[in-house]
């Protein structure tokens, strides 16, 4: 099973009262890359993860870890490490003791607790009450717990929450190296920017279902083509020349036009060939953030209220 | 690939219990409160003449009626505090077999309450043994010194320890079912105390007898009686059996709720 | 102004948690259900009483009374006096069924009586000899004055005299018929022109005070009288030799009973009479003499269910603040910690008081109706006492809710705080009333612990001139209603002070 650390989610449906939290959620998370699990608040990310972990039972569908339902796994922390809510600690217990009871529940030696504490940089604070930890330290402790069983798959819910920039960099490199060693890594976030440069694959969800399941380069490519802003003293001539070459051109000002459908180099070639003068040419590259916003435009449930994630 | 064994889960639950200092204080409180209340009662009860109608063993074990609440707190917190902090998710992620989790918690609660309860009950009897003869509970008044070699006394003492364990298990079952420490504690205390309060009001002797037979506390504490056994509403072991039934039913409800409901 | 805003905020917090509102409503429902369960049984022995078992006679002050005695009487009009010698007071006890022995109960009474009518509970004044308390003058059930000590005998008789002048009746006693001592004088406002005058004997049942609840056994007394001399206008036309004997109240009432083969009777002895009777002329008290009957506080048994529910709610009202760090938000919104605590206290106190009053206002009439339907006696009390018990239930729950809140703030763990409240209020009460503990210990528990507060619901009065087992097990608190409540309030204040101090010292 260590050879097949995939996380599979098939046709999950779950309703909480009047809210359809999951509405046919289906995806597979593969090893060897960091998979970002993104969507607006309330899109069903946490619920999906809770179903994967056997905490919530779906009304329909199933979730498998390495081909098996989580609840049938022996020593599950050796198969899938997870972080749901870093605040879920009993405050009077020390960090090491928190990991110790988890280790005992999996038949792991106590040395694993010390090992992961070092790995997340909490060795110094190991014997302090977890109740006194900062949010960032709690996140580190939660990640330590996820790493405890040295699992081939990891699933982290909003691991960047509460981390300082240094902490965010640390998690990014940790996640990259875990994936590079052939592990399956699923990381949820409601901010695409956090996943920039680390996720190799994205599962974008909205309203309880998958909106896009795609590699990051492919996602960027599917976006409406890159736009170029052009400043020229002869906008009419430029528009005619570029339109002939197949571009779509909009006037943006007295001496500015916006061009799409052609790359910057192609535009320069066309204008030079037609003898059209131009003063400035600016290429605008789409970001992951924009791609995400475009994908989830219809799927946003709670806009502008900054409310707590409910599902 | 076998699922996580009960042994490992018990080990984990034990680690959890012993690394939370709150529990150590509670168990210490269980011993000291039980023993000191028992001693206070033994020190203040007098038997001026023979046939004063007192049960010296039961008197020396009065502290159990207070100590049981601490046993219940230990049991309620062991699950209720996990719900309060959200730790229950971590626990169920580590051990997805929920029945195993409840069984492990029951085992750890039973073990610790049994140990603390034994100390509490023995200290109570020791206090009774040394204090009661000075207050007129003498052989001249028909009372031998308390001794564990006496059959009924041994039954009352061992039964009181089992009583404490069963009350803790009852509390564990309720806390698992209601998932909130405060509400669970209210339900446990209500179950324990409201039956005897109700029998105090009931004027019909038959109904009063029934209440004493079905209430977890009055029935369970029948195991402490060593005199006048014929007039007990329920026999000592049968009474403890009633409490065991209560504990079993609440654990069953708690286990079912834990298994079926989303965590 | 700022205080009001904090109060408003805390009230909004309270009423927007559905569980807490349900808790408050549930507390009422639980206590009513509890009452219904407690009053479910039917009185099996009600047929033994020839009178309607569901009512007790009521005295002039509104209190339940026993008014059952053997009376040799004559209706006499206007003012006058009656004088008689008592030469003996003897009796029979039936401590075991089918077996009687000579003996007399301490408050067996025999003497002369001026009474408004033969109706039970009507006004009266009496001079009497008693089994163990010497000569007494008593009137209208609750008043008792001491005269000459000792029991009468042929060698040392007691002379008794009652003088009626309008609505005033004055009692005298004498050891020789020459030197008279005024014992006291009673104003009986309702006394009509024509009153019943004569000789009476009553004997309450023998009370066993050993054991926590005790028991009773039948007792009968016989008073031996010399010639009854009437004076003033009463002397005209009176014929003591033609006096009628009657058992007032039909039987011996709840406080006494005739032994087998005995009944109320009179026989002529020379110029006088000997009068035999059982029963009592006295207020009803609780304990073994009352038998199967309900006191008002019994109907309030649901208070305990309400108390536990409200304890849970009040503790949670403060501990949930700590659980998810809400306290930070609360203190950011209202930095005055004492003010927040005071506002929270005000909210739970108000809710608990309302719950308590509603519980009592439902429970008392409902309980009375249940008791009537199941043929049980209800111990009647004056309206003012009932009102005190009703408001007292509200105050009791208010004080325990404030105690819960304070302990919740001090301990911060809800399970521990709830247990602390319940084991200091309900458990001492339970231990004290269940008869497990010896009576002195039980009384100390109800003096020192917050459980003393339950005294505020007590309606059974304590009378020095009525013998019963005055222990917590029979419903008697060692402290007065408000004295007991003061103890509970004291604990609540202490806990609130500790909570304030800790809140001020502790970080968020």
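Each chain gets a letter, A, B and C, in the order it is written, and its residues are counted from 1.
Rule of thumb we're sticking to: a residue touches a chain if its C-beta (ideal position, glycine included) is under 8 Å from a C-beta of that chain, and two chains touch if they have at least 3 such contacts.
From a predicted model like this one, the values you see are computed outputs, not experimental measurements.
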Treat touching chains as neighbours and tell me the shortest step distance from subunit A to subunit C. 2
Report back the single chain whose CA centre is most distant from the CA centre of subunit B. A
Averaging each chain's Cα atoms, the one nearest the global Cα mean turns out to be B
Where the centres are mean C-alpha positions, what is the separation of subunit A from subunit C, in Å? 74
Taking the mean of the CA coordinates per chain, how far is subunit B from subunit C in Å? 36
Just curious, how far off is subunit B from subunit A if you go by their C-alpha centres, in Å? 51
Residues of subunit B touching at least two other chains: 22
Across the complex, what residues on subunit B touch subunit A? 1-5, 8-9, 11-16, 19-22, 81-82, 85-97, 262-263
Contact set on subunit A toward subunit B in their complex: 1, 50, 53-57, 70-77, 82, 84-85, 87-94, 97-98, 100-102, 104-107, 145
The answer for subunit B against subunit C in the complex is residues 22, 26, 41, 44-46, 52-54, 58, 62, 65-66, 69-70, 72-73, 76-77, 80, 84, 181-186, 189-190, 193-194, 196-198, 200-204, 206-207
Hey, which residues of subunit C end up touching subunit B in the complex? 34, 37-44, 210-211, 292-294, 298, 301, 304-305, 308-309, 311-312, 315-316, 319, 323, 376, 413-416, 418-419, 422-423, 426-427, 429-431, 433-434, 436-438, 440-441, 444
